[in-house]
Amino acid sequence: MSKKHPPNNEHIDSNMIKMEVNLDDISGEWLGYVMDRLFEAGANDVFYTPIYMKKNRPGILLQLLCSNGKMEKMKDILLKETTTLGIRYYPLTVHRMERRFIKVETPWGTITVKQGVDKDGEVFQSSPEYEDCKKIAENHGIPLKQVYEAVWSRL
Amino acid sequence: MSKKHPPNNEHIDSNMIKMEVNLDDISGEWLGYVMDRLFEAGANDVFYTPIYMKKNRPGILLQLLCSNGKMEKMKDILLKETTTLGIRYYPLTVHRMERRFIKVETPWGTITVKQGVDKDGEVFQSSPEYEDCKKIAENHGIPLKQVYEAVWSRL
Amino acid sequence: MSKKHPPNNEHIDSNMIKMEVNLDDISGEWLGYVMDRLFEAGANDVFYTPIYMKKNRPGILLQLLCSNGKMEKMKDILLKETTTLGIRYYPLTVHRMERRFIKVETPWGTITVKQGVDKDGEVFQSSPEYEDCKKIAENHGIPLKQVYEAVWSRL
Amino acid sequence: MSKKHPPNNEHIDSNMIKMEVNLDDISGEWLGYVMDRLFEAGANDVFYTPIYMKKNRPGILLQLLCSNGKMEKMKDILLKETTTLGIRYYPLTVHRMERRFIKVETPWGTITVKQGVDKDGEVFQSSPEYEDCKKIAENHGIPLKQVYEAVWSRL
Amino acid sequence: MSKKHPPNNEHIDSNMIKMEVNLDDISGEWLGYVMDRLFEAGANDVFYTPIYMKKNRPGILLQLLCSNGKMEKMKDILLKETTTLGIRYYPLTVHRMERRFIKVETPWGTITVKQGVDKDGEVFQSSPEYEDCKKIAENHGIPLKQVYEAVWSRL
Amino acid sequence: MSKKHPPNNEHIDSNMIKMEVNLDDISGEWLGYVMDRLFEAGANDVFYTPIYMKKNRPGILLQLLCSNGKMEKMKDILLKETTTLGIRYYPLTVHRMERRFIKVETPWGTITVKQGVDKDGEVFQSSPEYEDCKKIAENHGIPLKQVYEAVWSRL
């Protein structure tokens, strides 16, 4: 498996897997912790879904996305940090649009904005970077919402 | 507080409370167990909602409905069987419609149907009893769905 | 109970109730329908929460907010359109901020924006009206996102 | 990939994919809109799951099912109408049972009922068409439930 | 497809599938029932996720894991006991760690503990068997939590 | 309203309220942020529930618990940091069990354990402090689970 480059501005990554674990014998406290460990170890994404399991148990479906090469590392964390003895996975393909980053000046400082550009060169997506906005909101004691709105009005 | 009887076929019960506990340090296994204990001790209803708690923790909101007189008993179970040290509650009023029970004959046996009757004497609700239907489905090796449909077609 | 007007731009409504019903014997199809009926009859809000009920049943908690005067009408719909024979409720207080509406011109037409103004006269909230944006997006074949962004950049 | 016809009354469609997107920077308003767009463009199904994402964010997992041939169209809508720059997908197989439609007369008009027939020719599934039932309920001012019950009692 | 044995203490099972059904026209009562039927018929796991479907319908995503050889049996139950006419599935791989069982003595009797052992022979997982703990809790009238804690303190 | 002290080891706090907001026009990113702000400002608890709102919108029910005296502060944050113009609340009573803290020595350092003691002086609850365990797990590169287990085996 390898990364193919379509003519334009889109990457097709066929090298990804989704790993899944069902958990009904672990607390939320531990789950908050394990998510951080998996991200640190290079997971592309980690997320939880509430599920209904047998014997009236509210459980959690842990899903994570990573490249094939990270699988052993992820498995290792899942076994050590959760209560599972079985992990399932399947391959998937990811289409990723080319992204570029621009800087936007606000009254309180510069904020990076991530943009998606389509095959005709048009911007179809503009997302102010959360960590930039958060830092400004906290440092200046203003609502986060106001920071985002300031960026949007300058795009 | 007491039960008032409106002229017709409706009871207003002002004697009820809802108790609530947020849980992020307990497993689904234990939660499946504690639900049964609370019902056995006389809770009118017990149900769980998935919630998002601090520090990225998937948690559970346990809610239960019971009469004021049952509060101490419920609290006792919650403290012993869950991981909480704090329980909150508030009063609520319950309107309950008069219900009556009829018998419906099916090819596999009799099934009780719970009916709600409105103030003009009209049936607005007919629910085959689950445990009756389940027993017949299991004993005769037929789908539960088929048992319900047999009841509905005879109402 | 009555509506009190605090000095500024905030209404305190003590005339509201929340009604709740737990449902485990009704399909999603019917629930989609009953939500519309309740809104039509004047509910201030109606929303569903997934809940875990006894006997391994995924259920739905229906909650609705309405004024005291609407309670009988709501109860009537709940009894006729759902499968419940019991409805619970409790009073609550609602703080509502004064809202005003402004018009914003976009390349494709005018869009109403709802604004919240705080006690110092400052706008702390600006929400383009969804139905306006939707109509423009559909009529001009442009993404809804683009319509909102056009409004935000003009605020 | 092609459609194979097993001897009886079941189609096996190996031509389907599931597309998935994780979203934590989009509002519910927009998500309600994008579901309609995806169905209009020919998705077989679209549904949302609440998920727990990093940094304490409640997010949504958008999943859609479509044939391979629809993938580009779906991707286009997802990029334009949501905030994502990455879309993942994987193939799946769908078994679809042969369905037939019968007409049932009720006091208020005719209702179509979709039926599933198994390999021995037996009906194992009967679903009154929602839109038919809804129209009758609205036109005659009767509960939707009553319309369904009238159909069931005539099957 | 077959089971491969890696050198150590891990099984890789490439013989598994996940089956999925979206349901918006079935009650929670029936879903509680069908989960039991699927487990009885040999499903490795069955679980429900709340999903948002079209037309404002709260629905359920039923997922089940089983070996390829069980697929027809599962399909049969899904068609008979739910309201679906279409079932989708895809293959997945399951890594299962070698597990061993030890006995732990408590003041109230013996409890089996399931352990996971890693490739260096170290125990990384110890789970008291729920049914053992439950039985002791019920027979001796002590909290389930206390039984687990007694086991943990003896490991 | 005031705090009453029952004879034993339980506090009844009648001075608490629950505030609630329904949100369908805000992103998960902002919601992750606002939770932190509310905790910093003194909320006793803040949690999110996924809800199904009108027009097919996945929404979030924000709930927070605070003392009466904190209400204005919380309202201020909700108005500034979310998209709501209306906030509802109702009083509730909280029973809090007396808690005491003990120290437990592990091979990697001391960990605080919170204990609940019932009216007969018996410990019915023992929770290792998460932040203590987390710090040790991170500093020593061992699984969080192993730290908890070390504490439990010493209780």
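By letter and in written order, the chains are A, B, C, D, E and F; residue numbering begins at 1 in each of them.
Quick note on the criterion: contacts are C-beta pairs under 8 Å (C-beta built on N, C-alpha and C of every residue); 3 or more make two chains touch, one makes a residue touch a chain.
The model shown is predicted, which means the values in this text are computed figures rather than measured ones.
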Shared numbers divided by all numbers used: is that above or below half for chain D and chain F, i.e. same or different? same
Taking each chain's centre as the mean of its CA atoms, which one is farthest from the centre of chain B? A
Could you tell me which chain lies farthest from chain E when each chain's centre is the average position of its Cα atoms? C
Out of B-F, B-D or C-D, find the interface that copies C-F, where copy means more than half of the contact pairs are identical. B-F
Averaged-CA centre spacing for the pair chain D and chain A, given as whole angstrom: 27
Compute the distance, rounded to whole Å, between the mean C-alpha positions of chain A and chain F. 26
Centroid from C-alpha atoms only, then distance chain E to chain F, rounded to Å. What do you get? 30
List, in ascending order, every residue of chain A touching at least 2 other chains. 25, 29, 35, 48-50, 52-56, 58-59, 80, 83, 90, 124, 130, 143
Based on the touch definition given at the start, go ahead and assign the chain network to line, ring, star, complete or other. complete
Within the complex, which stretch of chain A touches chain B? 23-29, 31-32, 35-36, 48, 50, 53, 55-60, 83
Flag every residue of chain D that touches chain B in the complex, lowest number first. 50, 52, 54-56, 58, 124, 126, 143, 149, 152-155
Touching residues on chain D, where the partner in the complex is chain E: 16, 18, 35, 39, 45-50, 65, 90-97, 99, 114, 116, 118, 124-125, 127, 130
Name, in rising order, each residue of chain D that touches chain A in their complex. 20, 22, 25, 49-55, 59, 61, 75, 79-80, 83, 85-90
Within their complex, state which residues of chain D touch chain C. 29-30, 33-34, 80-83, 130, 134, 137, 143-145, 148
